[in-house]
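Before I ask anything, let me first share the structure, which is written out below as C-alpha cells.
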Amino acid sequence: MESFLQQILQGLKLGGIYALIALGYTMVYGVLRLINFAHGDVFMLGAMLSIYFARWTGFGNQPSWLGLGATLLFAMAVCGAIGGVIERVAYRPLRNAPRLSLLIAAIGVSLLIENVGQLRQVFGPTPQPFPALIQTKTVAQWGSLTVSNVEILVLLVALGLMAGLHVFVHHTRFGLAMRAVAHDHQTAGLMGIPAGKVIFGTFVLGSALAGAAGVLWGLSYPVINPMTGFVPGIKAFVAAVLGGVGSIPGALLGGFLIGEAESLTAFYLSSTYKDAIAFVILILVLLARPTGLLGRKEVEKV
Amino acid sequence: MKIKEMLLLAAAGLGLIGCGKPGGDANTLLIGEYVSLSGNTATFGQSMRNAIDIAVDEVNGGGGLLGCQIKLIVEDDQSKPEQAVTAVLKLIQRDRVTAILGEVTSSCSIAAAPICQQNRIPMVSPSSTSPELTRKGDYIFRTCFIDPFQGAAMARFASQSLKAKTAAVFTDRKQDYSVGLAQFFKQTFQETGGKIVADEAYQSDDSEFRPQLTAIRAAKPEVIFVPGYYTQCVLIAKQARELGLTQPFLGGDGWDSDVTLKSGGKAVEPCYFSNHYSPEDPRPEVQAFVEKYRKRFGVTPDALAVTGYDGAHVLFDAIRRANSTDGAAIRDALAQTRDFKGVSSRITIDANRNASKELVVLKIEDGKFKFVESVKP
Amino acid sequence: MSALLEIQGVGMEFGGLKAVEGLDLEVAEGELVGLIGPNGAGKTTVFNVITGVYRPTRGRICFAGERIDGMAPHLISRRGIARTFQNIRLFKNLSALDNVVLGFNRSARQDVLGSMLLTAKHWRRQAGILKRSHELLDKLGLGLAEGRSSMELPYGEQRKLEIARALATQPRLLLLDEPAAGMNLAEKRELTGLIERLRREFNLTILVIEHDMKMVMSICPRIVVLDHGQKIAGGTPDEIQRHEQVIEAYLGEKAPSA
Amino acid sequence: MKVFWQNNMALLVVLLVVAAAGFGFQRHLDPYYYKILVDVGIAIILVVSLNLINGITGQFSLGHAGFMAVGAYASAALSVLAAGPWLNGLALGGAQKMVVEFVALGVIVIVGGVAAALAGFVVGMPALRLRGDYLAIATLGFGEIIRIVFQNTEQLGGARGISIPPPRSDFTGVYVCAVLCVAFIWRLVHSVKGKSFFAIREDEFAAATVGIDTTKYKVIAFVLGSFFAGVAGALFAHSATGYITPAQFDAVKSIELVVMVVLGGLGSISGSIIAAAALTLLPEILRGFAEYRLVVYSLLLVLVMLTRPQGLMGMKEIKLPWHRQPYQHKPVA
C-alpha cells in the first residue's frame, strides 16, 4: 500500500510537469493547429538558462524562497520572450502554408536550438548541475512512504499555474479572444479579433509555462543538458493528444495519466517494457476514444 | 529542362564534397578521429576529443612523429553508427589518413571497424568495451578493458571486499555498454555465491527512476550495481537516497565524471566504481596529464578523456616503433605493444587485440574519487 | 413494382437535437422529386442519412428492395446512389479528368499488382475508363477543361463537374444538393436543361434539394417539404404553393425567392 | 503480352543501366562517394514509401522507422540463421558467387519487406481509424514499441546490436530496389484506381460517396509503404558494415523521414527523391563547417521551409520524357 501511494505520488509530480508542458502544446494547437515541436526545447532553455541565472545572481549558492521565486519569474519571462521570437520569425510567415510545412519549420527550430546548445561556446554537451534553489527535505513520512518538499512544491506550483491559466482563459478579454480564435479562425477575424496578436500572445503564454516547467524539472531532476527537452517534450505531446489536443483540462488529465502510467507500469508490470506498455495503454485509449479523452469530436460538416 | 537543372544540382553537390584534397604533404602525418560531437553521446565524444587534442599537441611540441607534425582530422558522427561508417570512409578515402582513433561507444566502433579492416588502416578505439569489436579483424585494436573484465571485477569486489551476499542490478537497456556490464556482473556474482535479488531496467532518456528504485528497496539488497553513464547515475543516486536507500552503489567507468561529484553531492556516497585511473594517483604522468587537462578545459579529466589520451599515445608509440606509415607495419607494432606506460596503467595488447591492463576501484567520499584497490587482469 | 427508394420512419438525432424526425418518403423509379424547406429543416441531413454518412437513429431505408441504412458510404454508392454537395466537394488538386475517372472507380475491378506491372489487361481497362471519362466530360460540355485542376475551374463548371463525377459511378438514383446555388440566371437555365437531358439519357431517378423555388416548381412534378425535421407537405407544385403550413414555414424565415 | 513489354521496356532498360553502373562504380568510384550513393538509394526507398502514406494518402504516420526496423531484423534473423551459413557452405567464387549472392539478397530483401508489410497490416488495421495527429501519436507509439521489443530480444543481440553475415547490399542491389519502389508506387498512384489515394487525402468523405473503399486504400497504402520500409531496412542491415542496433530505428529517425517527405513536397514522388538525396548529401557537404555542421543544417531546413512552404516540388512531378503516359489529356484550348 505504501509503495502504491509512493508510485501515485511520483506519478503526480511527473504528471504535473508533463501537464505544464502539455498546456503549451495544447494552447498553441488550439489557435494554430500546429504541433510545436520546438516546445520541448523551449522547456529545456527554461531549465538551462535558470542555471546561468542562479549562478550569476548567486541564488544558487544559498537556498531561499526569494531565489526560487526570482528564478521562476526569470525563466517564465525569458521563455515567453523566446517563444514570441520563434513565432514571429519562424511561424508567422507560414500562417497560410500547409500545416505540415509549419510542423517541419518547428522541427527545424527544435534541431537548431539543440545543436546550437551543444556547441562548446554555448552550453556544451556536458550535463550541468541544476542549483539547489531550495533545500530538499522530507516533510512527511508514513512507513516507507516519504514525501519531500520538492515534490509538494512542484505539484503546488504546477497546479497554481494551471489554475491561473484557467482563470486567465475564462475571465479575461484576451482569454475570450483566444477561445474565439481556437474555435474558428475566420469568424474570429470577422468579429474584429486580431488573430495575429492572439496567436502571438498564446505562444508567449505557452512558452512561459514551459519555462516554469523547466525550473520545476531542474528542481526534481537536477542534471540538464541541451538534449534534456526532447523526451519530456515528446511525452508531453503524447499527454496533450491523450487528453484531447486543444483542450486545456485534457492536457491536465493527459499529463497526470502519462505520469501515473509510467510510474505504475515501471513498478508493477515491467521496468524493461515500461515505455512499451505505456504506449500500448495510450493506443488502447485512443482506439476507444479516437479524439482523446476530453477532445471535441469534430463533427464533419457536409 | 527540369531534369537538366536537377542534374546540375546534383553535380554541384558532389563537386562541393569533392573539394577536399586527399593526402597530406611530406611534413604532416594525418591521423583520423571520428567521434560524436553532436547527438546523444556528444558529452562523451567531447571528452575524448579534448584529450586527444592534448596528446597530439604533446607529440607535435616534442618534435613530432617520424619527423612529421601530426595533423588530426576530426569528423562528427552524430552518435549514429551509420554516420560513423561514412565519417570513417571519408577519413580513409578522402583524407588518406594513416590511422584512425575512435569511437567512444561500441555501436559506432563496431559499425566502422569493418571499413578500417577492409582498407587495412589500423583503428584504435580508446573506450569501446564490447567484446565484439576486436573480432572485426586484425587491424582493430582497443586500449581499454572489456565488459566481461569490468563486470566480473566489480562482482568480485562486491563479494570479496564488501562481503555482499545480495545485490540489485539496475541496467540501462538502451546502452550496449550497460547491458554488457550487467550480464557479466550477474554471472560472476552468482558464481561467487551471491544472489541477485532485484533486476530492474531503465532507458537512457529517462529521468524518473523512483518506481524501479522502490522495487529495489523492497528487495533489500546489500549493494546496488548501476552500470550506466553518469548522466543518469547521478539522478538515480539522488532519487535512491530520497527514498531512503542507504546501500552503497557499484558502477563502471561510466560513473567517472566531474558531473558525478558536482551534481551528485552527498547522494553518490558511498559508491564504488571501476575505472581506468585514479586522479589521486601520484605517478607523475598522471598528475601532469590531470593538470594539463584542468588548465585547458577547466574540469578534471574523466574516464573517456584518460582512455582517449592513452589510446592516442599507444597509437603514436606504435607508429614510432613501426617507423613507417604503412598500415600493416603499424598494425604489427600495435600488436606488440607491451607494458606501455599510460596514464591509466601499463597497457599490453593481448592476442585478441584487447588491452590487458589494470583496473582501479574508486570510492566516492567527501566529494572526491578515492583509490580503493587495483585489480590485475 | 415497389419504389426505388423507400424511407420509413427515419429519425436522426445529434445529442438531443432532432434533425430529422419520423420521415416517410418514397421515390419511384424514374421520378424527379424536389425536396424543399427553410434553412435548417434537415434536408441535407436526409441526404447524409441516405448516403450513409450518418446511421439513422431510427427507421429504415431501402434501396431497390435492399436495406441500406447503416451501410458504409462506399457500399451504398456501389448499389447505385450518387450525390453532389451543397458546398462543392471536388478533389481540388486533381484534374477534372481525374475527378471523373475516380467516379468510374467501381467498374475498374483491377488489382494493385496489375497497375504496378502495367499488364496488358490493366492497360486495356485503363484505356476503356479514360475513353468513357472523356465522353462523359464532353457530354457535360467540360471537354476542354479536363486537363485543368478542378479548383481552377469557374464555379459553374465545378458544379457540373461534380455532377459528372456522380454520373460516372453509374447511379440509378442521383441526389442533387442545391445544384443551382450561386449560379446566375443563364447558368440556371442551362442547368435545368441539363438535368432534364441527363435524366432521360441515363435513365435516372433524381431527388433534388433546391432553394430556387421557380426552378423547383418548373422541373419537379412532385415536391416534398420539410420543416424542423418533419415532412409537412407533399404533392405537385400547385398543391405545395397553396399549402398553408408551407407558406407559414417559409414566412417564419423569409419569402421564397420566387 | 506485347503491350506488357512495351510498357515495361523503359523500366528494364533503367534496371540494366543501374546494374551496369553498379558494376562500374564498385571498381572505379571512390568508396566514400559510393557509400553516400548507397545511403541516398536507401533514403529514396524510405522517403518515397513514406510519401505514399503521408503525402499521397494524407495519413500522418510517425512510425516509419519502426517498420524499417522490422524489415532489418527479420532479414538479419534470416541471414544469421540460414542464408549466411548456407552461402558460406557453398564456397563459390567469381561470377557464380556474385550471381548467387545477388539472388540471395533478393530473397532476404523480400522477406524483410513481407515481414514489415505484415507488421504494417497488424498496426494499420486498428490505427487507421484515427485521424491526423492522433494517428501520428499512435504510429509513433507503435514505432517505439517495436524498437523496445527488439531492444529486449537477446536472441537478436538486444541493445548490443547484431552483426550480419553477407550477402551485402551494394549499389546494384539498393538501386534496383529503389527503381522498382519508385516505379511501382508511381504506377500505382497514377493509375485509374490509384487516384483513389489522392482522393482520400483531398476529401475522404467525398471519396467514399463515389464508391471508394477508403479503409481498404488506406490499409493498402500503409501495407505497401511498410513493405518498402522493410525492404529499405533489409538493405540497411546488409549494407557494408552489416551491423545494426535498435537505437538506430528510434523516433528521431521517423521524424527525419517525415522532414524529407514534407521538404520534397507532399504527394510529389520526384520531390521525395530530390529531398532524400539532398538531405542525405547535405550533412556531408557541410563537413567543412566542423562542429557548426548541424547548426547550419537546421538553419537551412528552417530557411527552406520559410521560402518554399509547399516543399521543393509542391505537388508537381518531374516527368521523364520517355515516360509512357496512361493518361492523355486533351490540350487546353
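Points to keep in mind about this one:
Letters are used for the chains, namely A, B, C and D, taken in the order the chains are written, and counting of residues starts over at 1 for each.
The rule is short, and it goes like this: a residue touches a chain if its C-beta (ideal position, glycine included) is under 8 Å from a C-beta of that chain, and two chains touch if they have at least 3 such contacts.
Just so it is clear, the model here is predicted, and its values are computed rather than measured.
Centroid distances from chain D, each centroid being the mean of CA atoms, peak for C.
Across A-B and C-D, it is C-D that has more C-beta pairs touching.
The central chain here, found by comparing per-chain C-alpha centres with the mean of all protein C-alpha atoms, is D. For the pair chain A and chain B, the distance between C-alpha centroids works out to 35 Å.
In this assembly, the C-alpha centroid of chain C lies 41 Å from the C-alpha centroid of chain D.
Taking each chain's centre as the mean of its C-alpha atoms, chain A lies 34 Å from chain D.
Our note on geometry: chain A versus chain C, Cα centroid distance of 48 Å, whole angstroms. The set of chain D residues that touch two or more partner chains comprises 152, 205, 291, 294. Multi-chain contact residues of chain C (touching two or more other chains): 53, 85. Looking at chain A, residues 115, 120, 272, 275, 300, 302 sit in touch with two or more other chains. The touching residues of chain C, when paired with chain D in their complex, are 51-53, 72-74, 77-78, 82-83, 85, 89-95, 97-98, 101-106, 108, 110, 112, 115-120, 122-127, 129-130, 134, 143-148, 165-166, 168-169. Across the interface of their complex, chain B is touched by residues 30-33, 35-36, 39, 151-152, 158-161, 163, 236, 239-248, 274, 277-278, 281, 283-285, 287-288, 290-291, 293-294, 318, 320-321 of chain D.
Interface residues of chain B, counted against chain D in their complex, comprise 2-3, 6, 10, 13-14, 16-17, 19-20, 37-38, 74-76, 78, 80-83, 85-86, 89-90, 92-94, 106-107, 110-112, 114-115, 119, 130, 132, 173-176, 178-180.
For chain D in complex with chain A, the touching residues are 54, 60, 126-127, 129-131, 133-134, 136-138, 140-142, 144-145, 148-149, 152, 205, 251, 255, 258-259, 262-263, 266, 291-292, 294-295, 297-299, 301-302, 305-306, 309-311.
Residues 37-38, 40, 42-43, 45-46, 173, 200-203, 205-208, 210-212, 214-215, 217-218, 230-231, 234-235, 238, 242-244, 257, 259, 262-263, 299 of chain B are the ones that touch chain A when the two sit in their complex.
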